[in-house]
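These are the structures in question, set out in turn.
Below, chain A partners chain B and then partners chain C, in two separate complexes.
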Partner chain A sequence: MFREVLYTQWRWSTLPVILFTVAAFGIPLWAVQRAGLAAPLEADVVRMLEQVRAVGVMFPLLAAFAGVTLGALAWSPDTRGGHVYALSLPVPRWYYALLRFAAGLVLLAPVVLAVWIGGVAATAAATIPDGLYTYAGTVTLRFALSVLVSYTAAFAIASASRRTQAVIGGAVLAVIAVQVLAVMAGVNLNPIRWLMTVFSWPGPFHVFGGPWMLVDL
Partner chain B sequence: MARAALLLFAWLILAPPAPAQTVAEQRERVAALRERLRGLEAETAARDSATRAARRLDTLRVGGFIIVTDSGGSERLRVAADSAWAIVSRELALTPEAFRGRQVFARFGRLDANWSDLVRRGDQSFDGNASEAGLRSRLLAASGAMAADRAGRRVGLWTGAGLGLQYDRDALRWRALVEMVTATAPAGRACNAGDMAACADALWLGPDADAEFTDWNDPEARRRAVRERYRPSDSVTAARRDECLSGQSDFNCWRILQESGLAGRIGGHAPFSSENASGVLRTAARLGGAGAFDRLVADTSAPLARRLEAMAGVPVDSILRAWWSDARGIQHPPVRVPARTQWATLLWTLAFAGLALRSTRWR
Partner chain C sequence: MSHAIETRDLVYRAGKDFALEQVNLRVPAGAIYGFLGPNGAGKTTTIRLLLGLLRPAGGTVTVLGHAVPRDVHLPLARTGYVPERPHVYPMLRVAEAIRLHASFYPTWDQRWAGELLDLFDLDGRRPIRGLSKGEMGKLLMLLALAQRPDLLVLDEPTDGLDPVVRREVLMAVIEYVSETQATVFISSHLVHELERICNWVGVLDRGRLVAELPMQSFKNGIKRLRVQKAPAEAGDTPFVLLARESGDGLSAGEIWIVRGWQAPMQQYFEGVGATLQDVIDLDLEEGFVELLRTARSRRTRPDVS
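Right after this comes the complex of A and B.
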């Protein structure tokens, strides 16, 4: 049964998965494109690290985007069809949801793998000066964890009732609205900062906040 | 006629020597000269003031800056000057006296052909049409140029144009750390390991540095640097190199050294860049506190290391140690995923997954 669920989910998500995989492979190559000089001067090393740092921002963005997209796509056809297909199956809901969850994880695996392959290929092809080290494995681990948690969060929200989704969406919009009003009224209130605590320890998305340097000291 | 010449010659030989000036007389003459200088300055200031009034120019005095502007007293310029002066006085321990007699011209209006006759040697001018941050950075560049002018050519060449004031402290610390860690020259590597004598060599502060530095900065040394270190990449740069090597164009030697990045490194072949030199200069200013810059410029003929010691009030080793520790202490997060982050992420994942699976009914 898992194969059927995986196959149907793959059909819904083919294009995003291919696009994310290509991007995941390309970002490491982009990050080290300045590391091609045979005998770099110190200024070249600084420029290269700046490039690695700037492009490194793309890793968490891609992780969030891939996780949220596949998490949402896992449920959207079921939601549109009123869960008729799922209800026709002789399995409990938790089991069906588990199959959907696992299928999404399998589809995200090539994206994570592409980051690792791209990272290894990019750092092998580039001339890395002495004193600098490559971190393809560490960046891949951080990327995998980021994809995992963002996918699971999006999957949980997508599997919730419309009412729950409306409450979550409304709460986020309310925080933004309060922030805008506070700025307009000149009140020292920053609810967006409260919202952003999810990205700091021990928030669920804390893993996004670390260094994303493919090459560093 | 011959008789008159003979008499004059005899008088020159026999006449008693002119009495030497006493100390009191010398002081009196110095005081008179100072008085005359003050009078001339006042006269020039009055004339400049009249010219400015005729041209509807204003003068802003912020910290040590005397800013002449045609903006009618731009608030943005005043705020930028405040902020620039705070940086300059903090980073180089400059006092308002440091820019005495120097003016900065900030022009906001249309180009005026007569504007340039107000700008005298040592003054700085720039287009004032910029954001507050842009104005601050132009004022910092102007301050760097004026301070470098006072500090002398040796310091200016060592730290690069503008004494590196355009860089903030963290950028310089980061640069120092990267250059230390990635250094390929033995002195750079030893400096990275904490050998301060090696740091002095790498920063062109060793015992023979002044002689070599001076040497590298004469035209023949520039030609030698180009001959030994520069490989042209195309016919244009090859032609420039040939003109440099044949002695036809010293400008091309400079241009090659600048464009190839060789001149950006102290002395052309030292392991560390001129940005690191400005980091050391600023460390010395910080250690020296009030009056540090005045002590740096007190004797511009002394070796650079001695001048830095006078500036900081401590031996050059201590200055380098402080600079080294400052660079090593920059906050640099390690590239790893801590175990607690891994576990926390997995627990949150399980929690979200549990929420998704917990319900037994379809929604």
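Right after this comes the complex of A and C.
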């Protein structure tokens, strides 16, 4: 049963999975290349780290994009069909949702693996100056957690009814509207900051924040 | 379990314009039950309630002995469903859709699925989004039948199909039922289609069940009577008087549309001083139309005969 669900999900997620996997493999290589670690002429460590950090921004972006895309794609054919097929299957709804969720996670595994392989390959081929260390495993772990968080959030929203989705969208828009009105009225109110607490510890999106250093001190 | 499907005072509301009101269905086990009704009567909504796709606002639903929607996955394992609109994933190929479907049903008969694939002349390599309406109808029927269900729920399964495909699809259902004694619940607004295959019929109109009876009673019991000197008040009739209207110009009498007619009942007319001139059989479609007309004019309670 899971194998068939996984296969069908792969059928409509093939292109994004391939593109994300290629990107995930390429970002570490790009980071090393841009930092000049592939063939360093001089050991300008600060500049190197700045470049690694700059390219490192791509990791959370890719994690967010891959997670959201696969999360939305997990449900898109069911949503288009009004969930009639899924609901008419002889399994409890939570079990079907679990199958879809797990299938999406399996499809994200190559993307995460590509980050690790790319990171290991890029750093192995680079000449790392003394005092700097490689963190392919750490970056991969953070990437995996970020993918998991963004995928779970997108999966949950995509699996919700249109009404629930509208409520979530409406709530976000309302926060923005309140913020704009507060600024216009000169009131000391910052609801967007409350919203952004999900990106600070112990918010679930905290894992996205901070520098993503493939090579660091 | 004497009834494969049973609803009690089933209520569902969708917006302000549509509601199912107090629907009491009883589908005998082993019956081929035709669920008739005009477009928009609520047939698809009722079916979705039976399968747990919608939650009722009131009443109870029991399918194959299990409460729906609470335990719906249990009857669904024994139910083949052909929805009004195709529900399979369009990006799959035919064979892939069959494999996916099969993986959910422990009773899936792969050998028979292969036979049906040949019988319906379907190519497993074809993408589903490229199937014609007829091919899609056959694929949906294959998916419903090859799981060897105890109950088939077919929502307008032949709507839009050409006569050849329609015949193939219905023949497959009839052969399966004759072999397994499965119950079939088939909705349609095509009266003649159901007349040939069903042995029970339920008629839904504007969210109300206006009749539920054996097909034979439905076919034979509805008559058009030409009555002379009809009494102003029909009083206590031995038949169900569905409608009465002035004559058609051939006579000065009245036309009565009745249900449950039997020949000895003509004594009633003698008793009230009227004369029964003629008894005319109505075909199923005429009976269906008269039934709806009467139900709408009187808005009577669901009449279970």
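Everything below uses one rule, namely that the second predicted complex is superposed on the first by the 198 of 217 C-alpha atoms of A that agree within 3 Å, B and C clash if a C-alpha of one lies under 4 Å from a C-alpha of the other, contacts with A are read in each partner's own complex, and residues count from 1 in each chain.
Convention: a contact is a pair of C-beta atoms (placed from the backbone, for glycine too) under 8 Å apart; a residue touches a chain by one contact, two chains touch by 3 or more.
Because the structure is a prediction, the values reported are computed rather than measured.
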item: Combined model on chain A: chain C and chain B, fit or clash; value: fit
item: Touched partner set for A:130, first chain B, second chain C, both or neither; value: first
item: First (chain B), second (chain C), both or neither touched by A:153; value: first
item: Which superposed partner A:121 touches (first chain B, second chain C, both, neither); value: neither
item: First (chain B), second (chain C), both or neither touched by A:89; value: second
item: Partner chain(s) touched by A:29 [first = chain B, second = chain C, both, neither]; value: neither
item: Touched partner set for A:77, first chain B, second chain C, both or neither; value: second
item: In the superposition, chain B vs chain C on chain A residues touched; value: B
item: Which superposed partner A:216 touches (first chain B, second chain C, both, neither); value: first
item: Included angle at chain A between vectors to chain C and chain B, based on C-alpha centres and rounded to the nearest 10 degrees; value: 160
item: Touching partner for A:11 - first (chain B), second (chain C), both, neither; value: second
item: Nearest-approach distance, in Å, of chain C Cα atoms to those of chain B in the combined model; value: 6
item: Interface residues of chain A shared between complexes with chain B and chain C; value: 83, 87, 92
item: Chain B-facing residues of chain A, complex; value: 41-43, 45-46, 49, 83, 86-87, 92-94, 97-98, 101, 129-133, 135, 138-139, 141-142, 145-146, 148-149, 152-153, 155-156, 159-162, 201-202, 204, 206-207, 210-211, 213, 216-217
item: Residues of chain B defined as touching chain A within the complex; value: 175, 177-179, 181-184, 192, 261, 264-265, 271-273, 332-337, 341-342, 344-346, 348-349, 351-353, 355-363
item: Chain A residues touching chain C - in the complex, by the definition given at the top; value: 1, 3-5, 7-8, 11-12, 77, 81-85, 87-92
item: Of chain C, residues touching chain A in the complex; value: 51-53, 73-74, 76-79, 81, 83, 85, 87-92, 96, 99-100, 103-105
